[in-house]
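Chain naming follows the written order as A, B, C, D, E and F, and within any one chain the residues start at number 1.
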């Protein structure tokens, strides 16, 4: 049995702007990924609305700093074979940082956390796949540069990279989130990448 | 679709003292509960080795304070219909508190967190079911009293209660954890209770 | 006996720019409100220079994050009948956020804290009255929009709203704080609103 | 105008074990002290159920660590002439420390916080009066030693000391809290001490 | 024996942009200062890449907030005669604050921490010397104003001031850090200032 | 140039019970170690009175939790070749844990922090040498067992171990700290161990 953790924000939680409501379980991309990968892999979904890579945002009764929460998840879902991280959209909010370069630094921090995590039972460290979220609607400053930064980072640290913009797009309603079809498509498109990384 | 969060410690993670290793996915009690409840319910497992109800324990690179981590999970898995909390065993460690009365106060805090949690989309608050862990091997001071305290608390605050000692027991190896058969049995025994609480 | 908590920043503390010094006790708006309401109501003043709605500002040896400090005050002054919150001016500092939309999100968080607070003795939750601070001197970006955002928020969540700009204005010296007459006038103007909310 | 901050726990909040409820405003000791001192002094009450001197207790949705909360109060009520600290009873709980020596160390920390607090407007630091709470009912380990430790500490650091046991006693109901008459009596008995310290 | 703490960021750590690597021990400015001052003075170097005056930056597995770390160093190296603080460059990053006025406020906070620090053995408080870092390469917004702000602050609070730009300059490679010769020169130039302040 | 970090508590700071005062610089064990090792090695001393392995102790205006402070030091003194950790005595205080088994768990956490630390410049991780402090005077519960636990731990995780009790002893005055001669002797005795570990 292989275990994959999907660590993300509202795009992973499944925020449906047409409600607002949450997409049905079967439409969220981690569920689609699970269907594609079948019974030999357990896909764990952990998406939080508003989660950033590594920055505080106290506007909710939840800890939105992805770097503070990740270590505990690495333990509670250990042993992990792969961590898929799709974060960065909330870093682009003007009151967080609004700067794709900073999101890249936050992503770099998350990768370091995965690689330095203390596993008392001695499991090997999981692989990492970073996913650039689909580009928010035109006009959002810097959004288009995120994928380039992430690809460069993945090369530098030696982890996997996937650009969601190649397979899905944000909805018209808020220009940030995905409709059901697009979120399912993302899970399906990630499946072959995951299979290669897990050598399935 | 109903969603149930199983919030616990190593007994929920599935610590197998005969390894030490983690029990196979299918043997962990949340998986057994999922099987029993079928497709109309999603069971989310979140068990961390060493997790306490509401106390700090800095001996791991993970946040073991159950009260600090719970709010974020309530958001990332929202909307929830039921939260099953099986914690308290680690509160009984001498260097945490070693006192079932204090574990009860910690459990009371967790229930208050569930009930006061801010849900921006306005979902109704989930029900709570507290589970007293199986009594650790004889000789552990106060362990036997935990179930009584939890039952009293459940009456007082109006939530569900289940005593795991009625259906399973700890293993001989360390007198704390459960073998595969016992952990499966716990999930199966919880199913009818959950069905009643969810009015399935 | 009814109890009202006045939760604010330097405008509530009573910062007198002509000193700098603190306004005399009788000139601060919570004192004026107390005089108007008389003996049947206790008005508690809790104003901190530099306090924000929900953001960290480490430039003082005091915790300026209003969201971190509020829960304890809700307990130490329980049972409360009304919480008046006049915050947001410090959120407008360029190094905090400088954005009235974000101040509104912070205010929303404070209201959620009041409503979700755990009161062990079971007192009913207090009502909330949000007060938009007087508009800072012309030229401050976004300052004029705060009142509109707060009014909209009050409608949305169902709490009271009062726009201080209708009854008082900031002083010439720093364009931020109020002189003694204006701060007294605010307390007097709030009295009838509070009487209605408390059904006095 | 002189300002006095009364910093304490449930004995200052006014916990009435016969309810449980809060004592009427006029019966709490800070109110009695206010009556005795008259209009030239403002007495600020800040009592929180469960507050310790300097230790974490996560069993409530409020920060019970007196050392973490005090700096902000020193600023929000500045300029202060006197800080009266009556804490230590909760330090004696078995799950906090249960040791009067440790409570003394916590009280020492609070005094250091008052003395090292940064006041941006340059007000002189307030005087400190530490009050040993009335001795809890017989049988509580170490409770009787607290007053001795506090007196010794007051001598060492040069602050005021008052032993509440000389003028009031705990009630029969829970052996910890005071009835209305005793709590009033404490405020009255503190008045002459405060007058001397403030040179009124 | 006198003790001097050098509290800084990468300019104190000795970041050599030509590597990137760390400058040799003998080339770092605290070492040069030590050589100049001789055996009667102990110079302690504590420089961290990315350290700010008083702001959080979670992009590293180290606490970069200078205000949170300083109190512990004041104790671990007590008794101190002088604290030299050269910080502010990282405050100028766009995602921290990018504003020299805010860096000044952070520096003011650090000075308040030194002056209010609780020393249990009663050592006198150390003197403070603030050092404006060399101006980053042209085009960096606001960089040139930092020295002016620091000088003004030093006058206001009565501490020492030194402008590094008078004796050294940043390298061409990244326009931020110093080469070996410049960092040595800074330590040599600080020596006479330190001698005066320590009355050597 | 090799760099060695000496991470400890009052025994490393150089607490002289006959004062109380701090031992002269030349008498502290890190200084003695520096003399023995000569110019090719830089010995960095970081000892804090009251420091524990991994537990909070809020009785000072400094962070005594060794696990919270260590990551920053690993960065500010990088690249490190060896970290010598002599902690555990303060864990034995009754109000911390008073249990050598728990001190061992805290030491295990510190070793994990060293090994998982993220070094952005890619330096190899430093070696670790754990030192059991000299046994406190007879009668201290559990003190004698600490060395055995640490030796066992060193074997298990593959790091160096040294028992200070073999070469030095605590003073008569408080039964906890060392006089000048003993602290010097510790540094001298550690030198050959360090030479072997650094392959000098």
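Assume a contact is a pair of C-beta atoms (placed from the backbone, for glycine too) under 8 Å apart; a residue touches a chain by one contact, two chains touch by 3 or more.
Everything numeric here is computed off the predicted structure, so don't read it as measured data.
Both subunit B and subunit D are touched by C, F. The pair with more inter-chain C-beta contacts, choosing from D-E and A-E, is A-E. Subunit F has its Cα centroid 28 Å from the Cα centroid of subunit E. A separation of 39 Å divides the Cα centre of subunit B from that of subunit F.
Rounded to whole angstrom, the centroid-to-centroid distance between subunit C and subunit F, based on C-alpha atoms, equals 50 Å. Shared interface positions of subunit D, i.e. residues touching 2 or more other chains, are given as 56, 60-61, 112-113, 116-118.
Taken as a contact graph, with one node per protein chain and an edge wherever two chains touch, the assembly fits none of the named shapes, being neither a line, a ring, a star nor a complete graph.
Each chain pair that touches appears in this list: A-B, A-C, A-E, A-F, B-C, B-D, B-F, C-D, C-E, D-E, D-F, E-F. Within the complex formed with subunit D, the residues of subunit E that make contact are 112-113, 115-118. Looking at the complex, you find that subunit F touches subunit B at residues 54-56, 65, 67-68, 97, 99, 102, 105-106, 108-109, 112-113, 116. Within the complex formed with subunit A, the subunit E residues making contact are 56, 58-61, 94-95. On subunit D, the positions that touch subunit C within their shared complex are 1, 13, 19-22, 24-25, 42, 46-49, 60-63, 69, 71-72, 74-76, 78-79, 117-118, 120-121.
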